[in-house]
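Below, chain A partners chain B and then partners chain C, in two separate complexes.
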Partner chain A sequence: MKLLISTFVACLVYSILLLGSENQLEVGALVVLAFVVSLVGKKMGLMEKLAVAVREHPQFPAYASVFGVLVIMLFFHNSHFALLMLATVLIYSIVCLGLNIQFGYVGIVNFAGAAFFGIGSYTAAILATHTAVPHLLVLFIAAGISALIGSILIYPVLRTRGHYAALVTIAFGILFRNFLEVNDTLGGPQGLKIPPFTIFGWNLSEGLDIGGFEISFYIPYLLIALFLLIASFRITRNLERSWIGLSMDMVRTDEIAASTFGVNIAHWKVVAFTLGNFIAGMAGALYGMMTAYVAPNNFTFADSLILVSIVILGGIGNPWGIIPAAAIVVILPEKLQFIQEYRFLLYAIVVILILLFRPDGLLPRRIREYFPSNKVGGQR
Partner chain B sequence: MSFEILLQYLLNGLMLGVIYAIVAVGFTLYFGVLDVIKFSHGDILMVGAFAGLTAYIGISETFTSPWLQLLVLIVVSLAVASFLGAVIARYLILPLQKAPPINTLLVTLMLGLALREMVRLFYPNGSNPKPFPKLLPVDGIDLGEFTLRSDSLILLITGVLTIVAVQRLITKSKIGLAIRAVAQDSETARIMGINFHRVVLITFMLGSALAALAGLMNGLYYNEVNFSMGLLLGVIGFSAAVVGGLGNFYGAIVGGFLFAGLQTIGAVLLPAILPNVPSAYKDVFAFAVIIIIMGLKPTGLISEKSSERV
Partner chain C sequence: MSAVSTMSKASPQKQILLAEKLTMRFGGVTALDSLDLHVNEGEVLGLLGPNGSGKTTFFNVITGLYRASAGKVAFRGEDLTDATAQQVYLNAITRTFQRSRLSLPLTVFDNIAIGDNRRLNTGLIFNLFQREKFRKEYEVLVEQVRQLLLTFNPKLADKIFEPVASLPMIDRRRIEICRALISQPDLLLLDEPSAGMTHDETAEVMDDILQVRSKIKPFTIILIEHEMGLIQRMTERCIVLNYGKKIAEGTYDEIVNNREVQVAYLGQE
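== the complex of A and B ==
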């Protein structure tokens, strides 16, 4: 427990320092520090100890991360940029959780993640501009639309396999972007503006003044993102641990074996694909409302690749890996302005190296334990 | 619509079809020998075109004859691309042979991104489109209103000849036999004394050289190259190869012309039938049809022979 708490405090202080530092040298030093610490930690067997400690207190990481986000939020309560980045990390994590259900569990690689994210943003833009639908509901409608449009692809996705299935999503991603660029009603290449999020008549983008504290307008968005992340995380985790996750794992590892055991392959593929697109669309709607505008350039094929690389970087199938991976992918290029120009190149190289030398990612998914280990009373 | 414009569209469609088919043949060759998708194919095409452009800039002062310039340009471009192809095969694709196929797909996708970014960042003024030299004679043959320009004709004939040559190479030559043997069953081929690694490297060199040729044709036809030209051409080539049936040489050619046909139909017929749909939707139309075809024929039009081993 002590180890867990000290690790948590260290991570918290580190994130605050990283988000708060303005100076390139500082950021560089922090990155090097993280690298050295992880190397030394591995040498000293700290990782194994940590893993054991987590197993003893399985609830700790979840509560600690939520608490950590809240602390960081309070710390940066009036600095817009840090909060924007934090919220972006959370939103990207949500999308990647969705992709993880598709990719990590049933094995459908979705190369159109950014397209489904974009469908969410565009739906939010249209609904919020032209209708009086309550904005909280917009999130869910956008998610529904994204899942609905995704269902067009279900038939080809189910029938095809491997590379042929990859073509379907790649073609869709490119089709979507192309469609947006030439469609004038959706703003063409310029995109659309999105009015700010309002809940019960309260405009979230105006910011607040509570007891003399000036509060950034990103905080409400951050809280919503945090809430959605917790919800989708719980769904993913519960899905994984239930018999549904078991069936999905089976569909991914061996379709023929799965079908001989009576697992309905098509059914689980449809469920996972739709759920993943639903989550991606929801995140897209929130992101659109937060940044107040959408344009086709945010939803290119390269962005889809970045989403897929977050999932791989984190460790395919492990929802816990996604959040640190998203943090690395989102925060580092923003902070290290001198690599901003080179960030796509850098991602590409990092992902190639990871695939070559550590194909399981940063936090590889652990093998299922069917029989709970008898430590700590064996409660599961 | 006048007959001349229709003829113009037809010529353009044929031109695109040839280019797409050449790109798709590369995909299908790689898939044949190693069962992998090399997604950086389109970016090899772009690198080939840029290598050709650089060679042209380097020698345009020394040699003045456009034919000689063209020759140097082609040689340099094909050499660079096939070297790159061999390096990629040796250091990225062969080591990942045992990994899940999706990893190879991702590695090469990322490699494509890296190549694209490198050209954008490190080629002088690489983020802007570059003019490509007009090296082919532009005088035309008049057919009424329609002028058949000789550069288009030369490119078209070159493309067709290339496809025929590759087909002959694969079906008639010894190395073609080796490639086909590896494609059919790599283990048996090895037992029969075929040098597997050499065949793989040669296949990748051949495919990359074809990509570079397609890149040069594209550059000569449009007189412009840019760093992102490979992305769309690669995706189209991939679509053509997959729709035709991966691993099938003729399927790739059918797929290439099919895609060009769809684009042309999207540009000509769609606005004619539905007046409020502009021709800018041609790619949307083509990709939508591709998705539909994939739903109907999940392993392509000329499907690969496969059986599920249980």
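== the complex of A and C ==
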């Protein structure tokens, strides 16, 4: 428990320092520090000790992470940029949870993640501008439309396997962006404005002033993102720890053995693909409302690649890996502005180094335990 | 159906599986050539023949992995010729594979549990939101899997939550057989269970299967095997294939003394 709490405090302080630092040297020093700590930690077997500690307190990481996000939020209550980044990390994590169901469980690599994210944003733009649908409902309608448009792809994805299914999604991603650029109703290359999120007449983008405290307008969005992240996380977790997760794993690892034992391959691929796109669309709608603006340039193939790389970096199939991976992928390029154009080079090097030293990702997927506890199967 | 002498048993036997003029062509190759074959309820039927004689193809056609080019397959009178693999499984036919087809990263429990897919509730609401109900179903299955493993090998029951990748070949074969047995099938297709194992290991695994069979119910078995000792000990009746055709049928003694079988295996002298 001591180890867990000290790790948590260290991570929290580190996140605050990284988000708050504006000095170039500081950022550089922090990145180096992370590498040194992870190397030393590996030598001392810190990861194994942590894994044992987490096993004893399986609920700890979840509560600690939520608490950590809330602390960071309060710390930066009036700093727009830090909050925007934090919210972006959360929203990217939600999308990647969706992609993780597709990639990690049934094994469909979706290279059109940004397209489905974009469908969510555009749907939100149109619904919020032209209709009076309550904005909370817009999130779910946008998600549904994203899943619906995804079903166009289901037939070719079911007919193909592995790399070929991935090619189908790449083609769709490119097609989607080109469609947006030439479609004038959807704003063409300039994109669309999105009215701010309103709940029960309260405009979330106006910001607040409570008792002399100036509160950034990003905070309400952050809270919604946090709530959606917790919900999608729980669904992913229950999905993995159930017969559905088992069936999906069988589909990924051996289709022939799976169908011999009655697993309906097509059914599970459709479920995973649709659910993943639903979650991506939902996140896209929220992101669009938060940034108040959508344009085709936000949903390029490169953005889809970033989403897939978050899933791989975190550890394919492990929802816990996604959050730190999203933090690295979102925050590092932003914070490394000081080396200008070279920042993407450095960012790429970081990704390569991580995959070189931890090929299974930051937090590799563990063996399925349907009901983890410190007793059953804990003697090992 | 055919006039070939069936068994010398007194009681008239019910046929569980019937193949009529079953043909499977791959391009120019005819892997099964109008094969007529029947399996009696409750028997252990040996399926023999040199490599490439169509034994595994026969299993793949029966289990719906291949669609027959011509002919018919009926199971308990029901036409399964064009059935999918899932439909065949729902008719309580299960199988093992010649080359292990386990999912190595998954645990022993996971690999066996999927064999009981027929009785698992895979509804979205049940799995995602009714966790307490799910836990009950889960615990019942864990107990069933543990009991099955105990009959096979008590040591294996302790490794129920370990990944299959960490286990030796003989245990993997046991797990494959447990996966085929957990749903209590009516017909079990064993595709060369001795492949990759020593003589003693095979004997051990076969004894385990017979033990389970005497415990659960006398299910029917079709056994593809090259090892003649095993065929002699296990089977009541044998069918020999060559080039996709049936060349002999009868008891072990009858087929080993059959001239055509000797030629097929050893060639013309």
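By definition in this document, the second predicted complex is superposed on the first by the 349 of 380 C-alpha atoms of A that agree within 3 Å, B and C clash if a C-alpha of one lies under 4 Å from a C-alpha of the other, contacts with A are read in each partner's own complex, and residues count from 1 in each chain.
To be clear about the criterion, a residue touches a chain if its C-beta (ideal position, glycine included) is under 8 Å from a C-beta of that chain, and two chains touch if they have at least 3 such contacts.
Everything numeric here is computed off the predicted structure, so don't read it as measured data.
Participant: Counting only touches as set out at the top, which of chain B and chain C does A:Ala124 meet: first, second, both, neither?
Facilitator: Neither chain B nor chain C is touched by A:Ala124.
Participant: So, A:Ile256: does it touch chain B (first), chain C (second), both, or neither?
Facilitator: A:Ile256 sits against chain B and chain C alike.
Participant: A:Phe179 contacts which: chain B (first), chain C (second), both, neither?
Facilitator: After superposition on chain A, A:Phe179 lies in contact with chain B alone.
Participant: Of the two partner chains, chain B (first) and chain C (second), which one does A:Arg161 touch, if any: first, second, both, or neither?
Facilitator: first
Participant: Who contacts more of chain A, chain B or chain C?
Facilitator: B
Participant: Check the residue A:Ile235 against both partner chains and state whether it touches chain B (first), chain C (second), both, or neither.
Facilitator: A:Ile235 sits against chain C, while chain B stays out of touch.
Participant: When the two structures are overlaid on chain A, which partner does A:Ala225 contact: first (chain B), second (chain C), both, or neither?
Facilitator: Neither partner.
Participant: Both chain B and chain C contact which residues of chain A?
Facilitator: Looking at chain A, the two contact sets intersect at 256.
Participant: Considering the complex alone, what residue numbers of chain C touch chain A?
Facilitator: Against chain A, chain C makes touches at 63-65, 84-86, 89-90, 94-95, 97, 101-107, 110, 113-115, 117-118, 120-122, 124, 127-129, 131, 134-135, 138, 161-163, 179.
Participant: Considering the complex alone, what residue numbers of chain A touch chain B?
Facilitator: 109, 153, 155-156, 159-164, 166-168, 170-172, 174-175, 178-179, 181-182, 256, 301-302, 305, 308-309, 312, 341-342, 344-345, 347-349, 351-352, 355-356, 359
Participant: Considering only the defined contacts, which chain B positions touch chain A in the complex?
Facilitator: Residues in contact with chain A: 31, 37, 92, 95-96, 99, 101-103, 105-107, 109-111, 113-114, 116-118, 121, 231-232, 235, 238-239, 242, 246, 278, 280-281, 283-284, 287-288, 290-292, 294-295, 298-300, 308, 310.
Participant: Which chain A residues qualify as touching chain C in the complex?
Facilitator: 235, 238-239, 242-244, 246-247, 249-250, 253-254, 256-264, 271, 367-371, 377
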